[in-house]
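Consider the two complexes below, in which subunit A is the common component and subunit B and subunit C are the respective partners.
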Partner chain A sequence: MSQPDLLKQPFELGFTYTRSTGPVVGRFLTGLRNREIIGNRASDGRVIVPPMEYDPVTADALDEFVPVSDEGVIVSWAWVSEPREAHPMEKPFAWAMIRLKGADVPMIHCVAAPEESAVSTGARVKARWVDEPRGYITDIACFELMGDAS
Partner chain B sequence: MREICVVAYSQSDCKSNAGMANEVELIMPQLQAVYKQVGITSAQDVDFVCSGSCDYLQGAAFAFVAGVDALGAVPPIKESHVEMDAAWALYESVLKIRMGQADSALIYGFAKSSPGELPIVLSQQLDPYYLATQWVDTISLAAMQARLMLEQGLITEGDMAAVVADSRRKALQNPQAQLSGETSTEALLNEPHYVSPLRRSDCCPVSDGAAAMIICTVDKAKEWGVPYARITGIDHRIETHNLGMRDLTDSVSTRQAAARAGVADGPVDVAEVYAPFSHQQIILQRALDLGDDTDINPSGGVLAGNLMMASGVSRIGEVFRRIVAGEAGRGVAHATSGPCLQHNMVTVLEGA
Partner chain C sequence: MSDEQDVITDIETPIYLKYNFTAGLAPSRFLTQLKNGKLTGQRRAEPDAPVYVPPRGSCPASGMPTDEEVEVSDKATVQSFTIVHIPIPNNPIQPPFVVANLVADGANISFIHLMSECVNEEVRIGQRVQAVWKPEEEWDYAMDNIRYFKPIDEPDVAVDMIGKLPVTGLEE
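Here is the complex of A and B:
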């Protein structure tokens, strides 16, 4: 008696679809791939980075894009003395609200620093890019303190 | 409009680790307690049931459905769920009763937060492209908010420690509290920073547990023959998910909700506010315009024990308890959701 044929099919557990990030978030993420940071203008004229699809007050669709610098200043920060496993850095670091040059609204990212006393509100920082940007917010590996040199 | 009131409330102990007890086992004693308070025997005896929980805390899609096991849903009941604190399950129930589709409702909220790493789990409720991808934890976000206040001279670290000392002292009277005791501002300030500028004591603990409540029309409360506290105002408002666009030193949405709920229309004898971090209690006191005449967080608040998805409805329950006990005539309860007080609900309760 011959062996019955077994029906076989490969199966991969995962999402079977891809998702478009749309014309606003997508534009920002595409910019990151080219080491560019792009914001957009809110109804009241403020430049928001990363850009928002709709104005939080007027609900207008926002479509005026504005390139901004990858340098900025710290508006507020938190010192993480014991980084968590999921955090982007293994050594102590700061989370910060950073207002980039050319933007009005601060963005949140991490700041590398040797110790807490090196970080302060108003300190100037510059993005450090990963070697191969892929279109993620994490293409900015972190921000680094620029010191006194301008 | 139909007058609606709270008639029953029960909350579990806030435990740092509920051990082997599953969610249903955390919920059931609270349901039994509120059934007993109004003299009913099961969820069949109310017209509507609504719960609040968060599947991310259990780590499984539709995990909230398991909670329904606590109700015994056969024969079928009218049931709903919000992926929010149960304070918003109460809000949905209020609408249901106002529309005349129910005269009574059972509300419950529950969470076992201890098995996961809560501040990291909560990072996944943030903007999926800009923040969740970075795993920004909720404590760090609150720390940045506190620093803005400190550096603008709106509060001092001493003010924050005073909130904690007050919470711990008041919690001595609350047998369900997780953290309580006599301490001083000085002793707290001597503790090292945790996520600077926050100390561990500035952050609420991680707690497991559940809470339940029954609300109904005033007519139904009289039929049941139980004491009640009327809900005379309720409103909730939300701010943008973009933290950089908010004034983090104020709670604009709390002010809006308080105005709509009519907080200022009478004296506030007691207030329970949902402030997971010490500096946020100060923001909320100012946004609600609470003065020295108001007993704020007599339970100790959530700095003494924070039942995720239930702490909001518990604030309402704590005010209800004090009104029916005759300790207060009119009170305000606040619930929050999201990072840095993004979404806020304000409820005004008054005696019969």
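Here is the complex of A and C:
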């Protein structure tokens, strides 16, 4: 019995899930489709973005939705020098916790920047929307530095 | 602006896992023979050792290498089967269709393949079938060189004899 050449082949396994959003995340995503960022108000008065289904303190359902700005400041960040395929950007970028104007809790998203030294805590950023929002978090292509960091 | 009817209720969140699959020595051997239009298994080099199709390179009972190659028939017996009624995403085969565990003559374990040219309601354990091959110029390193198995006019095999038939029909 002769030894064969070892056979190799690329193989892709796909799970084509559709997920139910529920009314709260659904509201947030519906907002994104309209180029709006929507949070909701917790029992202690804080505005949480993305909105939460239940109050973090009382566990009551939260239903007071509050639009917030698509501008904010970087609260903390991490530079990705070698983006991988699943990352939202092909060139180096920053993951950042961004506190949007009108919100009290920061939201994670990516920040486009020419280089790591351009990013700083406290820098102001603004969402860049895709041309055709569909109701996904990726409707925000990225946040961009506003060039007037304090 | 959206009204209430427009509120998003679900989103598509597919996950794709990309592999480079390496078949391993024994399956590579099996697939290389399949490209030549032959179904082959392997067994330990001992009298009466069971024949595994497709081979994995070792005997699951003893852990010993299966270093003897055995050609088996493209005639087989239905060991078990299911009729699929629910469409599978991205699968071009339209339900209802039959998927069966088949034991080739000369083999001692089953493999899974499609059955066609059959009356689904008449498919049964012990039924005799034979491979319908693609045209030779389309043969590749793939089990779908065999399009499907179809019933043949031979008597059913008794349940306790399934997986114990000698190889026949290799006279060509």
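A few comments on the model shown:
One rule holds for everything that comes next: the second predicted complex is superposed on the first by the 128 of 150 C-alpha atoms of A that agree within 3 Å, B and C clash if a C-alpha of one lies under 4 Å from a C-alpha of the other, contacts with A are read in each partner's own complex, and residues count from 1 in each chain.
In the analysis below, a residue touches a chain if its C-beta (ideal position, glycine included) is under 8 Å from a C-beta of that chain, and two chains touch if they have at least 3 such contacts.
Just so it is clear, the model here is predicted, and its values are computed rather than measured.
Judged by the touch definition given at the top, the superposed model places A:21 against both subunit B and subunit C.
When the two structures are aligned on the shared chain, A:30 is found in touch with subunit C, with no touch to subunit B.
By the document's definition of touching, of the two partners only subunit C reaches A:135; subunit B does not. In the superposition on chain A, A:84 makes contact with subunit B only, not with subunit C. Once the two complexes are laid over each other on the shared chain, residue contacts for A:95 go to subunit B alone; subunit C is not touched. Shared-chain residue A:48: touches subunit B; no touch with subunit C. Of the two partner chains placed by the overlay, only subunit C lies in contact with A:6; subunit B stays clear of it.
Contacts of A:106 after superposition: subunit B is touched, whereas subunit C is not reached. Common to the subunit B and subunit C interfaces on subunit A are residues 21, 29, 136. Within the complex formed with subunit A, the residues of subunit C that make contact are 1-2, 6-25, 27-29, 31-32, 67-69, 89-90, 141. Subunit B makes touch with subunit A in their complex at residues 117, 119-120, 123, 129-131, 133-137, 139-141, 143-145, 147-148, 151, 193-198, 239-240, 242-245, 248. Every residue of subunit A that touches subunit B in the complex is listed here, in rising order: 21, 25, 29, 42, 48, 50, 52, 56, 75-81, 84-88, 95-97, 105-110, 116, 121, 136-138. Subunit A contributes residues 1, 3-21, 23, 26-27, 29-30, 33-34, 135-136 to its touches with subunit C in the complex.
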